[in-house]
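Structures incoming, each one as structure tokens.
Both complexes below contain subunit A, partnered by subunit B and then by subunit C.
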Partner chain A sequence: MIEFKNVTKKFDRYTAIENVNLTIQTGSIYGLIGSNGAGKTTIIKLLASIYRQDQGEVTIDGQPVFENVHLKEKLVFIPDHPYVFPQYTTRQMARFYRNCYPSWDEERFKNLAQAFEVDVNKKIQSFSKGWQRQIAFIMALAAKPDILILDEPMDGLDPVVRKKVKNLLIQDVAEREMTILVSSHNLREIEDICDHIGILHKGTLLIEKELDDLKSNVHKVQVAYKNGLPDRLLDKLKPLHAEKRGSVHLLIVRGEEAAIAKQIIETHPVIFDLLPLTLEEIFIYEMGDIGYAIKNVVV
Partner chain B sequence: MFELDMRSRKPIYEQLVDKMKELIMNELLKTDEQLPSVRQLATELSINPNTIQKAYRELETQGFIYSVKGKGSFVNPNQKAIDKEKIVEMKKELEKLILEALYLGIPAQELISLIQDLDASKGGA
Partner chain C sequence: MPSKMSLFNKELMLQMGRSTGWISVIYLLGLLFVLPIRILLILYSDSDNFLYYQSRNNLYQYDYEIQVFLIAIAPVILAVFLFRFLHVKQAADLMHSLPLKRSRIFHHYALTGMVLLILPVAIVTGIVYIMHFTYDLGSLFTIHDLLYWSGTIIVITLLLYIASVFVGIMTGISVVQAVLAYVFLFFPIGITVLLSYNLKILLYGFPSDFFLNRQLEKLSPITFVTVLESRAFQWKDAVLYIVMTLVLYGLSLFFYKKRNLESASEAIAFPKLRSVFKYGTAFCFMLLGGSYFNDVSFKNLGWTLFGYGIGAGIGYFAAEMVLLKTWRVFTRIKGLFVYLAAMALFVLGVQALGFYENRVPEQSEIKNALLTDNPNFYMRYDGFYGDVFDPKPMKEPENIDAVLKLHKQILANKKVNQQENNKADRDFFIVYELKNGQKVVRQYRVMTRLYEDFYKPIYESKEFKMTSKEIYMMSEKKVKYLQIRANGPLNKVVTLSTPEDVRQALSLLKEDVLAETYDDHMYYTNGGAFIEFNLGKEQSVVLDYMPTYVKFTNWLKEREMLEQARLTAADISHVVVAKGDFSEINDSDLGLESAIEKSKNALKITDKGQIEQVLEKAGSNPRHEYAAVVYYNGGNFKEIMFFDEEHVPEFIKNHFR
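Then we have the complex of A and B:
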């Protein structure tokens, strides 16, 4: 289990994250999403023990992470720009990883290199961005870590490789109870793979929830009435967002599906539709609720 | 075994529960038949194993399946829960149809007598 307790990290006078409490269960796939500059990468780098927190605790199974070699041996971090030593080939890089990770599986490395059709004797830096990322995944998966940290993991990968990578990650979660922390702006990707979601904004964790709970708690409602929307409905539902398209009203409402449906049906609408939100919509409306709304910029 | 709609707004675990129920109700999964393991299904569908675990737990509380420790999940022979579910679903569909019929201008009385006729003929058969 990974735990952040009241963690604060400052860079000079700039506070990157403040009082963050976060829990990730073993074997879970945790998605970290947030606005630009919200502190996602700071959290990731704290867990990877690249940064040291100013206040609070970052622990894995109760032990502090910073400079803890035993924990770091079981943790692989793929940054948004995977780093490789200059002039190194995949084979040489693999040798370096083998020395760092006791759980390294040479057999698996060979199989993965074959599955991804990588020429292990070619210099990594001569590969394209997407290929370099594939090689980073091969290294990470061959090291068989307990915890895998991914920063914008699917960036630059084509759809076929994405599917391959996703399937391999899931196999490791299913078979070895590997824990994954993934940050991304591609909410579709996060939605498919994660079971828990943390939403960050301006250095604080706004929401931390199971994805299905998050989704079942917000709904998109489309209603139309013969004589216009009854005023008392809005008072009762307190929508996060309301707009009118022609004669159809679109409301984003928080709460239980059955309760909302009951309240609306009582007002006898002509059209009534209740839909779950996509993660992208949840993100946009939750952010809008705290004043980070979409404004059409005109220059 | 089946496909899930990753683009649907419906949560994946709900889709899974519905699909499994459908398979059980249509007896494509028979009584006491073993369900695919969480691992197997996760790899096959590229879905988070925790989501599948959750779907199985939900199916178990609803009485569709039972689990044996160390062996896996199996289809529950107790059909009561299944019948209940079927009735609820059918009622929903009927509601929709009846409403449509009423909007089309079929008098309610005519619908009632239609039901009574059908009920009578069922009794005779």
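Then we have the complex of A and C:
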């Protein structure tokens, strides 16, 4: 379990994150969402023990992370721009990683390199940006970490590779209980793999939620009545949000799907649809005022 | 799969080798050219060349310039490239996300760098060692010379390297590291020069030359490198360098652990150091500006103050530009004003107190006193090849008292002495060693004439001569031979080389020098004839041969060597003498000559007897009343000589009456 307790990090006088509390359960995929400069990378580098917090604690299973070699042997970080030593080939880089990570699985490295069709004898810097990122994934997964930290991992990958990478990640999480912390400025990009989401805005963590909770709990309802919307319906449903487009009413309602449907059908609407919300919409409606404020942030 | 991590991370070291090994290779190539290949060239060259190298004191004298270049550059470049990972954000992120403790990373990098510096030297040493036996190089240098060379080169490069590493930890930009590394390495010497020079401006009597010349090169390893050719690196230097290396290693490790990685690409990595950097730069530039304008304006106070102000401003803004990485910093001016105000207060405080300038110790406090106008006493230092004849302090109470009187008189004349264009011609250095172990050192530039009454008794005392004249200090046994050379281009030389001759000549000269009066010394000094004592190994002691050295002259005469030892009337075709003040045109012999020739009532002397008198009585000070052009036989060479009323021969005096 990864925990941030009241963590503050300043760069000179500029405060990058302030009083962040965050918990990531073992075996979960935690998505960190925020606009540029929100503090995602700062949180990630604190966990990777690259930065040192000014206040608070960053722990894994109760132990502080900073300069903790024992913990770091089980932790791999892929930055937003993966760095390789100049002139190094994939094979040389792999040897370097193997030397650093005790859990390195050579067999797995070979299989992955084959699956991604990477020429291991070619200098990494001569590959395109997307390829370099794939190679970084191969290295990271071959090191078989317990915790994988990814900063904007999908940038520069084409949809096919994106899919392939996502599958691999999910597979590792399922098989080995790997924990993943992944950041993105784009909610849509990672919503299909995350089970937890944290939203950062201007250095503070606005909200931290389990996705399944959210998704099963909030619904979008479209209804139309001949004689207008019955007043008591709104009283009963207490929608988070209501608006009217022509004769169709759009309601965002919290609660169990069946119960909501039952209540609405009782009022005999002309049209009735119950739709799932996108993650983005959930956040916006769920969080009310703040949600509107950060609407632009998460899209 | 390695389950246990070994002490050395092989791959990490391999990576360093791949990225920075080339520096080591170039260094090795350079050293190969400088020693083994050079030695081969010497072996296959003509015998003159071989003789030249036989007389070398140490192996640094083989292609010295290239060696300096290699030693001064390789360690710094290596440190910059090795620790580049700290200055490139992505590289820093990668290195520090790996499961390696910072201390481990540091040891790996720092020690690998040391190995990369030591290996080339070790290889070259090995090669030369083998060559020494296979080619029988014993006459060129000894194994001890070789070990001295490799030992010193390793000790020095390691210090240069670790100092650059230390700077690298402190900064976040590689270029800044390279620049600051040299600044750091030059700093001890630079700040000494600046402080000495400025204290001289600020405090009357501050012995800046004393500090400026005393072991100045030794202050910085980088300047020591430039004099290794002629200066021996001693054991105590080695110990100091090794201790410094260890200290800097420890400090680098300490600060590396403290360092925040986000400071990559910041000019100064530690926020608290930034103000030190800013005001430190302002301070140094202030001193520089002040000294420069003091110098070019001939000590004009207004210009000097202007120099201080402008220097501080330049330094302050330059530091700001580096820190903020932009040149548009001119609105941030508050700090500069605070700084200048603080400086002004400090200087006024020091000046008002005046405890430095007016400090003259009591006679009862003084253990001994040294007075000299010989700048050599602070320019020589240990580690020189050859013997040293520094003036020694005097202990006799009368002499100490006389020095104190002279000192007080100089202080009383402070205003006169500091006037511009006052024709000051002599630097007096005064060093008191006090009974409590302290030293009081002062330097004054004065007009000799003003202090003759005070200086004369000191000069004529036996103790002063015994402690300041080289002839009393050198060992008779070391004198290989002595040569007496007459003035002029006649190449009249007498060489005495048997031990008995040397012994007799030396003891007679010692008596003559002891009997020499101050006035004679002043009158005849720089006459042109001199006696040179050769001490071997290109070292010699030179003594003016004065006409007053009667005992020695008679001794030469008895042995019929005098004619060959000095200028005689037979060497001279004629002499023209004139009376008047010629001191204003002393800059060129040609001008003087025509002035004398054209002078009204000039006397032409051709009589050999009279010429002999002229040669015996002539002095060298152009302020004297009579001036003479002495024409040598053959017509191509002439010399200007002077007489005062006291020494001028009767017949000349009569002519101008």
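Everything below uses one rule, namely that the second predicted complex is superposed on the first by the 218 of 299 C-alpha atoms of A that agree within 3 Å, B and C clash if a C-alpha of one lies under 4 Å from a C-alpha of the other, contacts with A are read in each partner's own complex, and residues count from 1 in each chain.
FYI, a residue touches a chain if its C-beta (ideal position, glycine included) is under 8 Å from a C-beta of that chain, and two chains touch if they have at least 3 such contacts.
Since the model is a prediction, treat every value here as computed from it, not as a measurement.
A.B. asks: Following superposition onto subunit A, is the placement of subunit B relative to subunit C best described as a clash or a fit?
C.D. replies: Because the two structures are overlaid on the shared chain, the partners are seen to fit without clashing.
A.B. asks: Comparing subunit C with subunit B, which touches more residues belonging to subunit A?
C.D. replies: Ranking subunit B and subunit C by residues of subunit A touched puts C first.
A.B. asks: Counting only touches as set out at the top, which of subunit B and subunit C does A:Lys72 meet: first, second, both, neither?
C.D. replies: Once the two structures are laid over each other on A, A:Lys72 reaches subunit C alone.
A.B. asks: One more residue to check, A:Asp212. First (subunit B), second (subunit C), both or neither?
C.D. replies: The first partner, subunit B, only.
A.B. asks: Who does A:Pro276 touch here: subunit B (first), subunit C (second), both, or neither?
C.D. replies: first
A.B. asks: Can A:Ile265 be said to touch subunit B (first), subunit C (second), both, or neither?
C.D. replies: neither
A.B. asks: One more residue to check, A:Asp195. First (subunit B), second (subunit C), both or neither?
C.D. replies: Once the two structures are laid over each other on A, A:Asp195 reaches subunit B alone.
A.B. asks: State whether A:Asn167 touches subunit B only (first), subunit C only (second), both chains, or neither.
C.D. replies: Only subunit B is touched by A:Asn167; subunit C is not.
A.B. asks: Aligned on chain A, what is the least Cα gap between subunit B and subunit C? Give it in whole Å.
C.D. replies: 26
A.B. asks: Just to be sure I follow: which residues of subunit A are touched by subunit B in one complex and then by subunit C in the other one?
C.D. replies: none
A.B. asks: What part of subunit C is in contact with subunit A in the complex they form?
C.D. replies: Going by the criterion above, the answer is residues 1-5, 9-12, 15, 18-19, 88, 90-94, 96-102, 260-262, 271.
A.B. asks: Please output the residues of subunit A touching subunit C within their complex, sorted ascending.
C.D. replies: 11-12, 45, 48-52, 67, 69-70, 72-73, 75-77, 79, 81-83, 85-88, 95-96, 98-106
A.B. asks: Taking the touch rule as given, give the residues of subunit B at its contact with subunit A in the complex, in rising order.
C.D. replies: 6, 9-14, 38-39, 42-43, 46-51, 54
A.B. asks: In their complex, what parts of subunit A are in touch with subunit B?
C.D. replies: Touching subunit B: residues 27-29, 163, 166-167, 170-171, 173-175, 192-195, 211-212, 215-216, 275-278 of subunit A.
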